[in-house]
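Please find the structures below.
Common to both upcoming complexes is chain A, partnered first by chain B, then by chain C.
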Partner chain A sequence: MKRFLLPLVIFVVLVGFLAVGLTLNPREVPSPLVGKPAPAFLLPQLHEQDKTFSPSDMAGQVWLLNVWASWCGGCKEEHPVLMRMAKAGEVPIYGMDYKDRRDEALTWLRRHGNPYPLTAVDEAGRIGIDYGVYGVPETYVIDKQGVIRYKQIGPLDDELVAKTILPLVQELRNK
Partner chain B sequence: MIPEIGHFALILALCVAVVQGTLPIYGAAVGSSALMSIAKPAARGQFILVLLAFCCLGYAFAAKDFSVLYVAATSNSHLPLHYRLAAIWGAHEGSLLLWTFILTIWMVAVTLFSSHLPEAMRARILGVMGLVSVGFLLFMLTVSNPFERLTPAAADGRDLNPLLQDPGMVMHPPMLYMGYVGFSVAFAFAIAALLGGNLDAAWARWSRPWTTVAWCFLTVGIALGSGWAYYELGWGGWWFWDPVENASFMPWLAGTALIHSLAVTDKRGGFKVWTVLLAIMAFSLSLLGTFLVRSGVLTSVHAFATDPKRGLFILVFLAVVIGGSLLLYAWRAPRVGLGGGFDLVSRESMLLANNVLLVVAMGSVLLGTLYPLFLDALGLGKISVGPPYFDTVFVPLMTPAIFLMGIGPIAQWKKASLPELAMRLRWAFGASVVTALLLPFVLGKWTPLLSLGLLLSLWIATTTMVNIRERVSHLVGNSLMSCLAALPRAYWGMVLAHCGIAIFIVGVTMVKGFEVEKDLRMNVGETATIGGYTFRFDGTQEVKGPNYLAARGIFNVTRNGQDVTMMYPEKRRYYVQNQTMTEAAIDSGLLRDLYVSLGEPLEDGAWSVRLYHKPFINWIWGGCLTMALGGLMAVSDRRYRLARRRERQEEPEAIRSEDTSVA
Partner chain C sequence: MRWFAFILLLIPAMVQAEEAKPLAENSVAEARLKQLAVELRCLVCQNQTLADSNAPLAEDLRREVREMIAKNMSDQEIIDFLVQRYGDFVLYRPPWKASTTLLWIGPFLLLIGGAITLVMALRRRGQGLADAPVTDEERRRVEQLLSQVERRS
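Moving on to the complex of A and B:
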């Protein structure tokens, strides 16, 4: 009898794991960059092409870097959240337009609203490689010393912003 | 109105399925003929109802009824009709409907071809299938209803994922599901046998053709999916060990083991308990595959929308179906008894070893697929398991399995002699080893894996030849042709399927060993040469499709100054989802494929371009099709028809092919 029960026992263990697995999010990937300085770059700006943007411009501030693109569906979903955050003005959000066409990106911002004080343009996606961008949208929380403190892969939502991002920003500011 | 009819038909089908899943099984237990006879009309009625629902959904797609949520989500008014119809199974809800529809097709097939079965057996088989169907219908009606309305109706649909707008993808899911769901018949046979307690050779003979047909569909389905990945994803790969691919490969491995173990149960009455367990396993893995794809517990390129409620439903369903059948197994299997004994060296022992290897291979794929989940669930961090793991595990497991594949069909049942086998196979072995060692040098490069791959396929080919020669020499016939024709089809089926494996291995080995890939930037008019072929890039032109805009590259391919072909790879941008797709251009041939895919546009009309020369790649799919063909050949063997006729007439009749074939 015992050995005939073995398949059942294995299966029960498997179901246990699958049940736990249901409660986890496989897309939540810890970034090796968390706790490390944000990789430096110097990129042209979207609206004023002759000006540039670099993370070092933001030294002394806690800020968000949001990687987006006009071709990305998740960005459209995320956009209202960013607009609300920008309106509340709790933390500055800088954009990085990733592998996109300038005219399409500009149209996109005109149509959906622009939550960013400025957007850097990573047309070839090279800076995206330095940052380990898995897929757009992605958002990084960067502290006063220019260290990445948090990385969100995929769209932000209101709950995440209220429960994780904003408290973290507060905490980093008070340091 | 029409979608409501479909919805209503599904509700009625659920009611019928509940009746079909309970009364006939109860009737079989108490011996009530009246209750048992419900099974057949119920199964057919359920088929009609699900067919009706399927047609209603098809109509909604054809008529562009964007007030149906599912239609609005997966199609668009610019989508051509054939893709709109294929969009029925383009996403979660519709795939489930397809799954259930196919399940009812198999049920009807069982009602049509089961007149020779004892009534209680048939009632139990259809009852078990009815219970499976209850699960899927409930799933649809509670958390994934394809007929859900959208108010207000959408002005236009969100379009079918451009990746799926492809002929290969149209056929891939139905084929795969025919296979997955087909294993439900073998499963139902096994459960019915456990319930009834009669697990004899006749039971195995009834299950064999069903299992083989399901296996053929699954083989073709997997091959289609892999072919699709090859030409549609634009990376030139054909197998990625993606969780979803693994989900279809695991039932295939279990099914392959089942086919071989059924052969032993049929011919020798052995491996009974093991066969039952494999039948449960094959179908359980099909269900598990559905769970993995639909619940979102694993990340995969085949990302379907994740809904935790759905995941929970499938998990509970899985627990009930698989847990229930394994419990039944633990309770009833000890009484089944073991078959006849056999020696350490015998065909039985080799088939057993083959079975163990296949199941271990299946287990290692399962482990590799679920390992990230295990670690995550235990809080040990996030990892992903990639092709290196699978490649390392797979080659050492398959090598002995394939070696045994050469010897097994030649060995005697019950007791074989090792020295005698060695004598019979010495030429086959010698010729394979020598050729496998030398051939790579002729081809221009030697690596251990290249030789190993060639050795395995040559071994299959030469041992098959030895086997055929020996079989023919036992027959007294006039000509060679009549001798060959006298061999039973089941035997030829086995030969074909095994040769399919050999062809497949040649393909894999040659592609891995000799493929050439070039990633380069090409200006207009520039040329590049790989594998003796010169590609000249003649620029791109804009092409308008029904629902996309494409940049079409023009490549002139020459070899030694002679024109070979023109190739037109495309980079398409689909309007609705604003998604870019790479349509590779492929020039196929028996001995090589040329493969061009466009990367990104660069300045001055230049493009980043990827060129491949892939020798023998079509042998990979050719091998799979040959395997499936072998399966069909085996099913058409007259022994199954004869057996059926014999049981109907209840008089013994000589079965000519009652010899040593396995397939």
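Moving on to the complex of A and C:
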């Protein structure tokens, strides 16, 4: 009986490791940017091309930066959530149209609704690289000092918004 | 009909696979890019290197690396640039840290554990074999059997 004890322990440990491994999402790579200042940029706006947008315009406010594209499937899934958030008006959501065509992006917003006060256009994807974007949609929570406090990779859902995003926004506002 | 078949046979000769685009015009820079890109992970298709992947992000990152090479940045500076944005995950060789200790020493621990188990098992087996004394009667029987075998051959 005793000789089976050690293999059994090894087996259980191995199963434990594999079980934990199964619950991890390989797409959720911890971002080194959380806790660091949001990279600066100056990008043209989607609707008014001659105007620009920079994160420094948002200094003193807690806001969300949502990276999206008209070609992105997850963005479509996420969109109703953003629309509900915009309607509730609890936190401003600014868009960044990532590696997209302007006309297609505009059509997409017209069709599905526009939750953003304004959208910046990152056509070449360079700012996306500065923000460590690798799978749209991605959402950043940025505090009054312009520091990234949270990064969501992949679509937001109602539960995440209610349980994580909004409480965090509230906390950052009160600071 | 025969002509038609002939034309059909010509089709494969006209088809050409699109070749991979050269990574950079300058061959020295290209060599450096290749060297760096096999060390870096594409974040979209996570089991491919930046050199292998055709994902748009990988293309963008190659462009970025190429520009940094053109700016004469060192390999370490380029890697730091990417790690700052994407974390250690972009590196195929993760750095030695508290969180990666198990990753680095785990295989050696397993090796040592295996070696210890092997030595212990061999020792136990050695102890199990007790000396069996042979009596004179048995010795005579053995010799008799052996001589029978010799006679037969």
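We adopt the following convention: the second predicted complex is superposed on the first by the 163 of 175 C-alpha atoms of A that agree within 3 Å, B and C clash if a C-alpha of one lies under 4 Å from a C-alpha of the other, contacts with A are read in each partner's own complex, and residues count from 1 in each chain.
Rule of thumb we're sticking to: contacts are C-beta pairs under 8 Å (C-beta built on N, C-alpha and C of every residue); 3 or more make two chains touch, one makes a residue touch a chain.
Source: prediction; values computed, not measured.
Among chain B and chain C, the chain that touches a larger number of residues in chain A is B.
Of the two partner chains placed by superposition, only chain B is touched by A:8; chain C is not. Residues common to the contacts of chain A with chain B and with chain C across the two structures: 26-27, 29-30. In the complex of the two chains, the chain A residues touching chain B come out as 1, 4-5, 7-8, 11-12, 14-15, 17-24, 26-30, 71, 73.
By the touch criterion given at the top, residues 26-27, 29-33, 99, 124-126, 128-135 of chain A touch chain C in their complex. Chain C makes touch with chain A in their complex at residues 43-44, 46, 56-57, 60-61, 64, 83-89. Across the complex, chain B meets chain A through its residues 273, 277, 280-281, 284, 291, 295-299, 308, 311-312, 315, 318-319, 322-323, 326-327, 329-331, 333-334, 370, 372-374, 376-377, 381-382, 577-580.
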